[in-house]
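Following are the structures in question.
One chain, subunit A, appears in both complexes that follow, with subunit B as partner in the first and subunit C in the second.
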Partner chain A sequence: MLALQLLINGILTGSGVGLVAVSFGMIYSCTRVFHVAHAGTYTISAYFVWSLLLLGLPDVVAIVAGILLCGAFGIFIQVALYEPLAKRNASQLVVLIASLGLLAVIQNLIAMIFTPNILRMPSTMLGGVLNAGSIAVTTPQLLLFILAVLTVAALIFVSRNTVFGKRIRAVSNNPGLGVITMLRPRLVYIYVMGIASAVVGITGIFNGYDLGLQPYNGTLILLTATVATIAGGIGSIAGGFLVAVGLSVLQNLSLLVIDGRWSVAITFVLFIVFMLFRPQGLMRAR
Partner chain B sequence: MHRFRTYALSAVLATALAAPAMAADKIEIGAILSLTGVAAAVGNQQRHGIELAVEGINASGGIEGQQVEVIFEDHQAKADQAVLGFNRLMELHDIPAMISGFSGPTLAIAPLATRRKTLVLNPSAQADQLAKASPYLVNTIPTVSDETSVLARYVYQTLGKKTASILYENSAPGISGRDDFRAAFEKEGGKIIDEEPIQFGETNFRAALLKIAAGNPDALFGQITQGTPQLAEQSKQLQTKFTIVGTTNFIEPALRGNQAANGWVHTQLLNSVPDGIEAKFKEKFGEDMNFHAKQCFNAMEILATSMRKVVKDGGKLDGETVKAALFEIGSFGDQKMPITFKSNTAQMGIGINEFKDGNTVQIENMSSAN
Partner chain C sequence: MNFLINYIVLAEIFVIAGMSTNILVGIVGIFTVSQAAIFGVGAYTVGGLTVAGTMGFIPALAVGAAICIILNVVVTLPALRVSGDYFVVTSFGIQLFASAVFINWTDVTGGAIGLFGIPSPEAFGLAVDTPSGMMILTTLAMAIAILCFWLVMRSPYGKLLKALREDELAVASAGKSVLIAKVSAAGLAGAFAGVAGGFYAAFISFIDPSSFELEVSVLLLTMVVVGGARTLAGSIIGPFLLLSIPQVLSLVDIPSSLAAPLRGLLYGALLIAFMLLRPQGIAGQRI
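Right after this comes the complex of A and B.
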């Protein structure tokens, strides 16, 4: 029974990490920006919703608005930071440092405005728990899982079956050719940043409901998500998502056989071994 | 003659420039706290406690007429940043004393304090190693072993819990607390079933709770400093059957009103601040004054009282003289909840509290084992 509980816990936690991995991978594979500040967007999403709830908005409206605000925030980052750096031919290292700096600014601004304390959503609407025998799942956990699966399915569908998706893939593969063929890569980057930031907002918001809001909680989840992005195959939506879920399940189930102190370390050792044998990742980008 | 004139002019200039420093009407004190990063919530409470104390000290005439100024450094709960902060305080300000926070950073600056003979007051970190880290490190709080021995005895003897598991923060005080509780509980005759670590700032305890619950312990000793409301809720969601117990640092103000924590038992170091201070704190900073803020408020008062004695006695303010004055005075605070020093680590009263109707209520009063 413990194994089943840990398995379910791993899948539910992993689906949230999966969305972070997928969105981070989308940005990296398309813009080639190692967008560390994505952790900041993850964090700020829950604070958007928290503020909107305080203003008296219903949960559903606040959540939808929070996701849209995250998208707008991502577009702002692209237009105000990455695009000017690209125009000045900044190296990838410079862009990475700028992104790290932006993350520090976001985290510290949140701490200044909302205090560094762990906050709780000022709403009990999603406070329910679903019990089935000894299995207990909270409403935010369940909603996040459902939304994560639907979002990943939608992203795969759009990527493979729509002109817009093909345009993103074309620019990702060859931005130079994208300019010549009038695909307007700069505009594509803005779209991708907007969509990916909205997607990471889903995890940020529901984790905020479930685990509370903290200014500095995005870094750890981004680290795991980055590993999943690379191991899943950069640019592969399904790969990143599946590896994130797999890593989370592995971390949970490993508690059955090893001490909790070694759980994270063992998981990452397995990741290194996996990458040694399959450096291209689990799946190839399509 | 020309050279003589140059020397004379230089001497006059040097005297003029030095004059303000010599006649300085302020005393600089350092504070190295976690003002940003995962532990910023605790660090900012500490900062506010110090600021409020300094405000009162300066309003009542400072230290024998000299105003107190605190220079804050941010260690982000990291040892290397604490060392940098210590060096900045010493090189730029040559301060005689400072207040620090968190076990790891305080342990990192302890050897430097010895070398520079600078007094470091630690008001809220409790790792056992702090007791003997430096002759210049004075802990105005008992170490965690004092609390765990009282708690283990109460849990085993009074509550009748014979088995326990431990959930601890993977940090110096977390590991200290884990080892101390294990030793104290086993000494009582109890059995530790499981030990599960948590990263600092982590609020997802479900996997660890599931594993602990599978061992079916009578009690869970929690040695974490953040995320206890989430621990309470997740424990309730998973319908765990053990009694959750902990020490002072385990209880956050955010737990107040949380019905999920009902039945929790914890030791509580008995500290107090003068009447009206808690209300003033809430009015000034918009939040309740927690244990850490009170500890820092009191540490600043201890420092100011000791410094006053040095100045009154005509001594020079440095780490050595302030430390000597502190031990000469020996006892601080009010008579009901005094902080006394017989060694580098303070003695304080310890109570046993229980959560009832979302509030922590004292059910017994013990005394410090130190």
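Right after this comes the complex of A and C.
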């Protein structure tokens, strides 16, 4: 039945968007930076794995290495761009513009090195399609869903139950006080950027297996993710994830009634609705 | 010689479009990436209305400007009610949505193929169909736009906009409506962008969705940032300087498939460099 297939699709792809939303929200709530270049990290993750696969590494190794490389990339961005800007007391607008510039650099650099055409992962390991009755699901979709749920659960656990999580929340809440109490916010920002960039890499990599690689596809998924983060409530991991899944389900189900080319409109309209009626989001954590 | 005239005309069109960005980003301090979308709406409106001979150029321009003003006001109203940050998401949404509309609303926009054969502008009964004639028209338009920009900035309204960036709370406690000021600034920016788009359509005579993508918004942002935000001089220097880059690049031997991403890369790199080293641009004030 088509509606059920669309629902399943929505949940599965939505879990990937949820990871993007959660990771973006982590960065925004902790460092106050609207890290637009997060879309670039999403995109480059698949290209990391593509290159490693071409070098002959087995899939599992390439995927793990790709995720770690994304984390390193995020740390590089924090240290090379956001920290120097913070030192210059740059306004939020300046940081935003710099982040946008970085996104343009990443996307176009990828297009220059790897061509703007859609690439396929040079591997058949994750190529299967699983069927349960009339519902079809691709292996990368299923793996992404499982990993996403596990990752979000782990992030919530760490945030609530570990000292590390408390430290992040403390610095998010009051960076000035964090400096005074020797929590070292600058180091926390590096941790957060690293972890968040690695998490978004998971989605990028598995979407790369599922749909192919393309330099400019990060912007659209980031839009849905940021809408989810804001609508879910800044600072709420569960909120962002659930809204992302919900948005994705709605986008997919809307295919029953409207043409797929307009699905970006759904996200956009929903955002406007949220802004009008519940601007603080579904579940505020702060 | 034609080559130089074409460069000047295009630069002047982008000066007008750049002023739109400057109002929002530079003066009011709202980050936006939807300039190209509004620019495109203006272009498609004028193109669509003039190509079938439905309207003359100047009336079509007026319609385009009106649509763009309304569009900008309608989309900024809900987002700005809450916080400037959320407008970032809204502007991304507008840009991506507009790109989708340009490509998919084939009846009106011609889809991915675009609109052909847009006639040269007709001003007060005189057809303008030589490049130098076009240059005179755009220089005139740019002069009018500059005058408007200058007058607005010197008016009490302009001072209100500048005060908004300094301290929103102070403006609110002085009894001025912050929301109305921001939304009207967005409307004004829409007018500039729409008019620029109309001229662009008439000049190039063929428009397609690729001219109004996110990267063009980035280009407009780069022009404002490099030239200098918040000042008139910056609005003029930026476009002229940035539009010379493709000309310089064409002297170097690059395969054509690399040319477009290379340009995008350079604009992004310029943004980063200026934000790190000289946020006020060449002739602007600190943003």
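The definition used in the following text is that the second predicted complex is superposed on the first by the 271 of 286 C-alpha atoms of A that agree within 3 Å, B and C clash if a C-alpha of one lies under 4 Å from a C-alpha of the other, contacts with A are read in each partner's own complex, and residues count from 1 in each chain.
By our rule, contacts are C-beta pairs under 8 Å (C-beta built on N, C-alpha and C of every residue); 3 or more make two chains touch, one makes a residue touch a chain.
Fair warning: this is a prediction, and the values are worked out from it, not measured in the lab.
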When the two structures are laid over each other on subunit A, do subunit B and subunit C clash or fit? clash
More residues of subunit A in touch with subunit C or with subunit B? C
Quick check on the superposed pair: does A:P116 touch subunit B, subunit C, both, or neither? Answer first, second, both or neither. both
Which of the two partners, first being subunit B and second being subunit C, lies in contact with A:A65: first, second, both, or neither? neither
What is the contact status of A:I11 with respect to subunit B (first) and subunit C (second): first, second, both, or neither? neither
Taking the superposition as given, does A:A136 touch the first partner, subunit B, the second, subunit C, both, or neither? first
Check the residue A:L250 against both partner chains and state whether it touches subunit B (first), subunit C (second), both, or neither. neither
Let me test your reading of the model: by the given contact rule, A:F34 touches which partner, first (subunit B), second (subunit C), both or neither? second
Mind working out whether A:N108 is in touch with subunit B, subunit C, both or neither, as first, second, both or neither? both
Does the superposition put A:I266 against subunit B (first), subunit C (second), both, or neither? neither
Identify the partner contact of A:L220: answer first if only subunit B is touched, second if only subunit C is, both if each is, neither if none is. both
The clashing stretch of subunit C against subunit B, among 60-68, 114-122, 168-176 or 222-230, is 114-122
Go through subunit A and flag every residue that touches subunit B in one model and subunit C in the other. 107-108, 111, 115-116, 215, 220, 259, 261
Interfacial residue positions of subunit C with respect to subunit A in the complex: 25, 29, 31, 33, 75, 78-79, 81-83, 85-86, 88-90, 92-94, 96-97, 100, 103-104, 214-215, 218, 221-222, 225, 257-258, 261-265, 267-272, 275-276, 279, 287
Across the complex, what residues on subunit A touch subunit C? 34, 36, 81, 84-85, 88, 90-98, 100-109, 111-112, 115-116, 215, 219-220, 222-223, 226-227, 230, 259, 261-262, 264-265, 267-268, 271-272, 275-276, 279
Applying the document's contact rule, which stretches of subunit A touch subunit B when the two form their complex? 2, 5-6, 9-10, 13, 107-108, 111, 115-118, 120, 129, 131, 134, 136, 138, 211-212, 214-217, 220, 251-252, 255-256, 259-261
Partner subunit A, residues of subunit B touching it in the complex: 36-38, 40-41, 43-44, 170, 195-197, 199, 201-204, 206-208, 210-211, 214, 226-227, 229-230, 237-239, 254, 287
